[in-house]
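Remarks on the structure that follows.
Each chain carries a letter (A, B and C) given by its place in the written order, and its residues are counted from 1.
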Amino acid sequence: MKWCTRIIRLHTKHENDMVDITNQVMKIVRDSNVKNGLACIFVKGSTGAVTTIEYEPGLKQDLPDALERIAPKNVYYKHHETWHDDNGHSHVRASILGCSLTLPIVNGTIPLGTWQQIVFLELDTRSRNREIFVQILGEEE
Amino acid sequence: MKWCTRIIRLHTKHENDMVDITNQVMKIVRDSNVKNGLACIFVKGSTGAVTTIEYEPGLKQDLPDALERIAPKNVYYKHHETWHDDNGHSHVRASILGCSLTLPIVNGTIPLGTWQQIVFLELDTRSRNREIFVQILGEEE
Amino acid sequence: MKWCTRIIRLHTKHENDMVDITNQVMKIVRDSNVKNGLACIFVKGSTGAVTTIEYEPGLKQDLPDALERIAPKNVYYKHHETWHDDNGHSHVRASILGCSLTLPIVNGTIPLGTWQQIVFLELDTRSRNREIFVQILGEEE
């Protein structure tokens, strides 16, 4: 069995910045030489998330709009009492969307749909430097 | 180490069609001879999702009702500008519910609860042919 | 390749009881001697969930508040017709938040952020005994 760990480093620009990391993940899969196995994509930190979506300008706004319905910015968050912080909604959205995504590696690739991209979504209220771990486990044949 | 890839092919009938795939996944696990490891269940495409739920007629309606609160059908989606499409809410719901579910294989089975089934949920606005990958990784002993 | 299965047993006290299981998961990873691989954390049952969050008293209330927006307690659930039950909202919340979380093991640890804890969230309407499976797969070197 083979494993491989790589870190994708991002500098996000603002809240709700959605970054397409598909090509970076696919390159890590190719370089690993793993032909069949699993790829786990994990966001270190509690105010960012990974998911898949059709990466186009419309949905880049529609997904944050839905998260605003789940955890609106302008309601009261008890989190702000603890730290005098402003990002209670960021934490709640991240916990619901999820910090981790595990995908199959089949014949050396991840069998995504044509309109299905892997994205990181910045949920914090400001620009951040982010570390996304890609952990690969599988066989070379 | 052993790995095994199988594809479950479904024809969904309509939006919010919920399909219980537990038996198919369990058969794939049995046939793989993997006794201890992981099973990754992955939906190819950006308008379907996998999760677990108690598969009974009530919840088949209650889960879509909740998704309607997160991403209502009749609000404005910027996605529709891009493609003159009608399924912005489908994409948003799929990204939040998730395209992938990884479960443990323990002693040759997935230790689900009695009222916990693995389901595919059609989120697109019409009948679709679906491919669900089941990727198994683990040991035969 | 090495694998290891452990069960974390919890007694939750009430609905929305959030339990930090980070230390227990980390101990299982250490004891497994797996240095690089994956850890899958899976809740048996359909009314509990696992996710990551900054474990502090504020967010322990803010996350359930958001789930109340997605699946309010006091709306009608068709699930109640099936079983004359009171926990339709619990099932719906659990399906959206998710029963399973897969994390990377890198150099013998899970590279969580400083303010990122692994939590079990009780979504049922009463105290429950819970089994959370931790399935580890990877290499000892």
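Simple rule for what comes next: contacts are C-beta pairs under 8 Å (C-beta built on N, C-alpha and C of every residue); 3 or more make two chains touch, one makes a residue touch a chain.
Just so it is clear, the model here is predicted, and its values are computed rather than measured.
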Interface sides of subunit A and subunit C: same vs different residues, half threshold: different
Rotation in the CA alignment of subunit A with subunit B, degrees, nearest 5: 120
Whole-Å gap separating subunit A and subunit C, where each centre is the average of the chain's CA atoms: 19
Subunit A, residues touching no fewer than two other chains: 1, 38, 69-70, 96, 98, 102, 137
Residues of subunit B defined as touching subunit C within the complex: 1, 36-38, 51-54, 56-59, 61-63, 65-66, 69-70, 96-98, 101-106, 111-113, 115-116, 137-139
Residues of subunit B touching subunit A in the complex: 1, 3, 5, 38, 40, 42, 44-46, 69-71, 75, 77-83, 88, 91-96, 98-100, 102, 133, 135, 137
